[in-house]
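Both complexes below contain chain A, partnered by chain B and then by chain C.
So, the complex of A and B:
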């Protein structure tokens, strides 16, 4: 192609030049043209609607969006509910649950994922069979996970009932029916689903570590524990960061798991902020309050993601 | 060339216009009646409309259930794409009417005499600003007891007439080793039961003041505290595993004889019917003790949207068929509810249905027909849900005393108003 173009330029330069430049201009613009639709869609449907939600949170929207700005009443209500601890307001329950769930979910997933990855990395037989077994829960939707665990944890149907039938009648596990413990069952189901995926991430990281370093450490007389503690885990730092980001956003957007597993829990005790947002926007017709809670959730995510992006972008020039 | 093109375009658009001017012989319906009995009942309506030449088209709703349907409806209306009609509940109709998207069926209503036959309490939700915007399909009532007769005979119980009788009956069941009260620990079920408790404890006047007029004095009165104490007493008779249970599973406990009684709206009768049980021999239906003579209702309505002129005829046909006596009888026999008009003969109904029809008529005439707060017929959704929160938190122990419950109730309702 380019040879033809150059020969044409030589023959009839004044005609060929504009054609070539149209083509090259087109080639220059092609990536932009291809990206433009998705860019436009993202601008409108992500950032546009973020702005719209922020706008709605300052209006008096009830059942339908209203465009009359009435100030920060929705935020004031949320702020007041934040301190309604006894009896706990729905918002207070939601944010404390978010803290408990987010902390335990991320911590246990990271620890369990790393542990499983280290075990699988011992060059064992049958790794090809074991790895997908741990990974497959991630392929299920949260609804399936939620319903399966709901039956499993129900004292009248699942684990407790089965153990009673086997003769262990003193066994007692009713967390899913207990207002103080129901959020921990959400953690259990969430960890079951995500830890296999985190394991796969760590496994990839472990495979990327240079075997020479390990050998050198072993020659220097490092025990296995020291090897992992001092060398492997510090080398996995970037994987920790990626896994943390993946888990953090999964935790904040968990909604379906709570609904499928607990349908909100006794007296609404399993709510997360996303449940609060849906309830207020669509079931209670308090769209302004729902929007305000969505904005607060967004700010929480931003508070986590922005430092991450900042550190990523800063590292690039090196 | 250009002229030909222009003529062609004009012709094509003319044709399109002509096609539009013709009435659309189709009813687009958004609803969540998909389970066996309800779907069968709705087939009666489909058949009636087919006789008049109208095709029925369900608006698909992903996920099923009323919440998903309401979310879908909101999106359709926001996009200006109105269904012919949608199944709707209470204040939702009024919300949409206030937003100016509902149609006007006043002419049909006059012709069919709905003003006289539909109870006035229901018209509060089907008539907005003097215009008929919805066709009520049925009237459910909430203050019922559903009792397993075999268990009742075994423990030698009789119909409880007062709250104390009821407690004594539950004690008998407990002593006999049956679960006395079947309850599903979801907020709407707890609140539905509390509607009956309040009506029983405070009487009709008090119920109306507190739960329909949202009068502060009544909400924080000692009677309300007493009601919460009575609720706490009832909760001591449920099994430890009740939290989160679906209502139909609680009904199944009564059907199977694992539990003596359930306090639930008359949609529970649909479950008894589906299990081939007959009232009087297999199960008993009584009014919640101390609420005889009053009816706490909720009602399913078909909200009629402001559709384009070419779809109005289909809408009128739908509304007329919905409130026709034959459909009202056929549908409600299956659904467990009673007709939304008081002049429908009760010949096809079972004993509970006959009692329900008579009670509704009496309550309508005596002014003791009240909207259920738990079911969204006492106050707008924000208030109703705030109420459900408080009741549920009280049942599950986040709110510890009836004093605290009353304070919270007033606070929550004021906040949501």
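So, the complex of A and C:
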């Protein structure tokens, strides 16, 4: 569709120059010369470094990088740790936490975001005030979010204490200090931070739906619930996909929040793979294992992002 | 799509059902507004309380005798690690890092977007795709090689310092962070400008070319004057991201005087020596949050546009 309109955007200015002098050839190459540094930087510092990390993961690097390939020992150890449940290995804890956190974070953000967007779309007076309130946490750093929630959830001074003072003395909420529940506090803080943004994405999607479709359905006697279930939500499918990609990639990259909110939790019980990587690489002097875990994180992202980017860039060849 | 109101089912009860619906909707919206505001509110009131009031009072209560002392202490006296000179130095570290990193990455993004849309060449989409994917990688996968390279450059800087008298910024943690943020930021800035310039009329560029305008003349005279909105979006996006970064900051400037604000804040809060001064911690957190919050309040519209552009391409 859009191919026709945009494919003739080709501006190689060869027509003005019958004989290519050095100067004019330079002129022709100028756009590429301008783009080259950025591209070179990306190739070296992104792709080159990724290869470097992969290489390191096959060595026996400890405190300092070693460049002698010693095989897949780091991966074998990670694999073995995956099944070390009693007592749980740090790697087992990290990937289990990733599962819990990723699943709940994505699900709750999507559900809450959609719910709030639908509510806000009911001709609400004061929408202009509410929307920024829902969205501002996205402007904060994970560190500030972590500090704020750490304080809010502190059993001695925060929510628990407040409810005790109000007379609900049996109320007990010490998740942030409990090794089995600490990851759920990361979910709470994470949802608090990102759900407003997902709301904004859904709201933009809702505003883009043709009002005529809605009217027609209403005339046909559809109830509000049916209208949303059968018509609106299916129309929002692309938004679901984008939101999922954003959330999945935020979830896998989450690192700061765990550090600031829980300092890793009791005995490292709040670790995500990102924390595992950092600790093993920089603190426990197990560079090869750290690199291997980074490679696994990268592969997870690749599995999610590459098909998405491929379809995005291919659908609209301009 | 605008409002979808429940059709009144019964002639008699219709109005009240509708009113009830409205009450429920507004109630829910207000409840969620409280949920989002609560942590900020608690942080703010705590930062104006005395320690005495914090230990004996209610977290949600307004300060009985508001005091500005925690803020002053956080800014000028609190201990970050072993240095007790407040967080002001680290606040400036962040500024010194953010401003050049944002400007350089935005300018490069604008040029890249211009080339990728108006001077297309074979393989342009592949080049863009490779740059775009770089936005999404977990930075753990480049963290260690970058640390190695920055370490070597630092040692080279020391050699230069000894022989020539200047290290040219090599080994300076702030310069390192600017470099790192430019490298891993150009993917996003290029994306923003590419999508914006895609919609920019190519005829104008063509016409200028026929008139003999050069590559840079077209960029300066035609593209730049029409790029204000996307510049605002990109600058805000980059500013927020770089200011809020913690991973790179802790890996490459995690100790010493050059650490940025986020690392310093984390150190203040997790310092285990002496009595924990919650009010000072909260004031420090507020100071760390203020620049981005301010940007959000002043230019929220552009902030949201940036987030959207980063999420939904096209």
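By definition in this document, the second predicted complex is superposed on the first by the 277 of 318 C-alpha atoms of A that agree within 3 Å, B and C clash if a C-alpha of one lies under 4 Å from a C-alpha of the other, contacts with A are read in each partner's own complex, and residues count from 1 in each chain.
Throughout what follows, contacts are C-beta pairs under 8 Å (C-beta built on N, C-alpha and C of every residue); 3 or more make two chains touch, one makes a residue touch a chain.
As the structure is a prediction and not an experimental result, all values here were calculated from the model.
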item: Chain B versus chain C as contact partner of A:176, first or second or both or neither; value: first
item: First, second, both or neither for A:155, with chain B first and chain C second; value: first
item: Contacts of A:263 with chain B and chain C, given as first, second, both or neither; value: both
item: Touched partner set for A:90, first chain B, second chain C, both or neither; value: first
item: Touching partner for A:63 - first (chain B), second (chain C), both, neither; value: first
item: Which superposed partner A:283 touches (first chain B, second chain C, both, neither); value: first
item: Greater residue coverage of chain A in the superposed arrangement, chain B or chain C; value: C
item: Residues of chain A at both interfaces, chain B in one complex, chain C in the other; value: 263, 282
item: Touch list for chain A against partner chain C, complex; value: 6, 9-13, 27, 30-32, 34-35, 37-39, 41-43, 45-50, 52-53, 56, 65, 116, 119-124, 130, 132-145, 147-152, 157-159, 161-162, 165, 192, 196-197, 200-201, 204, 206-211, 214, 218, 223-224, 227-228, 232, 239, 242-243, 245-246, 249, 252-253, 255-256, 259-260, 263, 274, 277-278, 281-282, 287, 290-291, 293-295, 297-298, 301, 305-306, 309-310, 312-313, 316-318
item: Complex contact set, residues of chain A against chain B; value: 62-64, 77, 87-88, 90, 154-156, 174, 176-179, 262-269, 279, 282-286
item: In the complex with chain A, residue positions of chain B that touch it; value: 67, 70-71, 74, 78, 92, 95-96, 99, 185-187, 240-244, 380-382, 385-386, 389, 392-393, 395-400, 404, 408, 415-416
item: Residues of chain C defined as touching chain A within the complex; value: 1-7, 25-26, 28-29, 32-33, 35-40, 42-43, 46, 54-55, 58-60, 108, 111-112, 115-121, 125, 127-134, 136-146, 148, 183-184, 186-187, 190, 198, 202, 205-206, 209, 214-215, 240, 243-247, 251, 262, 265-266, 269-270, 278, 281-282, 285, 288-289, 292-293, 295-297, 300, 303-304, 307-308, 310-314
